[in-house]
Amino acid sequence: MKLLNLLGASFSMSLRRSMAFRINLVFDVLLAFVGLGTAVAPVLIVFTQADTLAGWSKAETLVLIGTYQLITGLRGTFVDPNLSWFPDNGIRNGKLDSYLLQPAPSLFLASLSLSSPLTLIQLVPGLGVLGWGIAVADVRPGPAGVLGYLLLVAAALVVTWALSVLLACLAFWAPKLQLDVFYHSAWQLGRYPTDIFTRPLRVVLTYVFPMALIASVPSATLLRGAHWPVLLGAVLAATVLSALAATAWQAGLRRYTGATS
Amino acid sequence: MTAIEVAGLSMSFRAPVRKPGLRAAFGSLVRREYREVQALDDISFAIAPGEVVGFIGPNGAGKTTTMKILSGILHPTGGDVRVLESVPWQRRAGFLKRIAFVRGSQPVGGSQELTVMDSLEYQRLLYDVPRADFGDTLKVLEELLRLTPLLERQLRALSLGERMRVGLALALIYRPEVLFLDEPTIGLDVTAAGQIREFAADYVSQTGATVLLTSHYMADVASLCPRLILIDRGRVEYDGPLAELSARLSPYKLVRITARGGPAPDVGEVVESSEGMWVLRVPRDEVAQTTARLLQSLEVVDLAVEEPPLEKVIDRAYREGLR
Amino acid sequence: MRTFVLLGFRIRQEVLEWSGAWWFLATLVVQAVIGPLIGLFVWSAVYPDDPTIARYYVAIILVTLMTESFEQHTFSERIYDGTISHELLRPQPVVIGVLGANLAIRAWLTFLGAPVVLLTGLSLGTGFDWRSVLVSLPAVVLAAALVFLLTFLLSMTAFWTQRVHAVVGFGHSLIFLFGGTAAPVGFLPDLWRQVAELSPFYAMSGLPAELAAYGGSVWSALALQLFWLVVLLAAVGLLWRAGVRRYTAVGS
């Protein structure tokens, strides 16, 4: 409860602050549309040449891009302000030290206590594309599909958070190894149906670095119906990855505070 | 009852050794060489509640490491520490609410977009400060730290001195009983540093907080701390009243004489001289003899025996080693 | 002559400086490769039986590696933190430092990335006609110059705005869309294709890649590139003068 209060307080404070800068707001709106434009345009080009892309219809692909944008927007709002460039922003400038001194779980403070509300604007065009995809689909999504979709999006958010924490934890062992650029590049792979990739890469994206969970799996569920094994697998993946992230964080802290030796 | 109790505290860590160059960079990925660094070596002291203690020593002596251990950020390799009867590095919420650690080098963390008031509100939630207490404390802090004009400003827009004042306010809004101040006046101009010192003295007399303070500026320590702990290379070299420190560190006193005409005095070492005035450095146990001889041999107008300035003594001790 | 000596000196210095961060450069290689790689996967899924798609995209990846530009980091950040003032006072054009860093980073990216890309391409049976590759080289050099000029031009907006990364990101999106990375320009709808083929963005990446992968008329390609080179050079010159005037007027 207290953690939710803290999260809410920090979010509303940041929101009020950032509203003071109208120029930035306009800029971020523009940016969100340009960003999504560059994601949607290639797909539209593809569908001038073909009817399906690796088995995905235009509607399905649009739903996928919309979903990807939603998750990316939420990540940018709640996770990135805390964990991006963690070796510099989190550790070297002393933020972690101050989190350790505060009477709340350090993992919460370090991964969720800051937010950048303006980034939420990315959700608007994202929802637009999602709606567009649903509108042009041949079938209406059924209630099971919708519920499954919501569950999978929630699981995807947890996975997103856990992956970012795991990446940040690397800083405890190899502070010079900054993989943020790499992470952002790999993230781009989630923007397309995983079916377009060759088999080995597809396996990696499903089971090792589960980008498939971020957009492909929820979108397929929304328009093609929910399957129990898929839902269960996603929930399991979210649980395991969160546990892994929490464990890595504890181990990292033990190393950071010198409690290992 | 003690507020802080430290017994046999030691801290060593392994620092990777890397040679420069591309090949070494590749090599260090595979196999690393380490060097053992003993940051703290068997440190013991106790601080009573309400005591204000200056913690001094040259760069790299282990001051900040000790502070980090006492506040719970670091886990020592050996020894026993109790702060307010708790083991700091367990970082229990109840303990963390009763201490504060303020660093002059990074006084305010958190989102730099927020205003000072927002950040204070956030602290209230984080530390579960009851609203009534929050209001009272804020009133006091506003007064002592001249905070009122800063409350609506964003953290990023504050000057260095303002940041330090805000950093103190953020730390003190929950009324910690033990306060660790690491270089609170670093980088501040004389006026701002003076304000911080004045505030610390006021706060201590009003709340009876226990304070451990490090500083490079002897003015901070001399004006605030009746007791000093001096550490060097991870060991306690002195623990006692400020006044005795210079006697301990410097076996000399300064004899300042003004004499009419006559030759220069031929005793002691002349450290300063101008028209008819000399300052001599004389071993402590020879001060009486020397003054007697001076009074005999010269036509003395004025004579004073002084302690060497603390700043100089400490500086000399840091440079030449304490042992 | 002196300019070239200074530039050579600067490049050597930067190459050495970046050698300590080779792993970071490796992540930059991944970043450069990922866009075209996705394009390759998408279009291979659309046309599974067309081997020229793979050849084209391998060429695009190589061109991208050799033309990557990061002036929004190397140059704009110096405006933001004020260190550009020192450069302005030195008796050499500021652009030498920028260009030196640019060429050094490109050299590293090509050195780290190109062998991997080429080997992967060849092992997957992507054959090149080496005559086309040789003929395309001048076009690659001009493309590299064009990308640098565009990125530098956009990075100079840092004199006016704090959001230079968004501005440069927008420019790079245009290269991605109209330059032949998102889709080979020939696949664009008719009107868009005609616009793209005349745009500077096509001259920056798709054009040299097509020359290397398919062959084609070198002279018309070079003409288009030279035209845009002149335009961008003029624009950079104008914006630089305006920017410095503003910077020295505002001070920092």
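Chains: A, B and C, in written order; residue numbering restarts at 1 for each.
One rule holds for everything that comes next: a residue touches a chain if its C-beta (ideal position, glycine included) is under 8 Å from a C-beta of that chain, and two chains touch if they have at least 3 such contacts.
Bear in mind that the values here come from a model prediction, so they are computed numbers and not experimental data.
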### Message
Quick check on this structure: which chain has its C-alpha centroid closest to the centroid of all protein C-alpha atoms?
### Response
A
### Query
So which chain is farthest from subunit A, going by the mean of the CA atoms in each chain?
B
### Query
Quick one: subunit A and subunit B, Cα centre-to-centre, how many Å?
45
## Note on the structure
Between the Cα centroids of subunit B and subunit C the separation in whole angstrom comes to 53
### Intercentroid distance (Cα basis), subunit C paired with subunit A, Å
29
### Task
Indicate the residues of subunit B shared as contacts by at least two other chains.
none
### Task
Provide the list of subunit A residues touching at least two other chains, using ranges where the numbers run on.
none
### For subunit C, residues that touch 2 or more chains besides their own
none
### Task
Provide the residue numbers of subunit C that touch subunit A in the complex, in ascending order.
23-24, 26-28, 30-31, 34-35, 38-39, 41-46, 163, 166, 169-170, 173, 176-177, 182-183, 187-189
### Query
Can you list the subunit A residues touching subunit B in their complex?
2, 5-6, 9-10, 13-14, 16-18, 81, 93-95, 97-98, 100-104, 113-114, 254, 257-259, 261
#### Entry: Residue ranges of subunit B touching subunit A (in the complex, touch as defined)
11, 13-14, 68, 71-77, 89, 91, 93-94, 96-97, 99-101, 103, 105-106, 109-111, 113-115, 118, 121-122, 125-128, 154
## Note on the structure
The answer for subunit A against subunit C in the complex is residues 24, 27, 30-31, 34-35, 37-38, 41-42, 45-46, 48-50, 53-54, 176-182, 184-186, 188-189, 191-192, 195-198
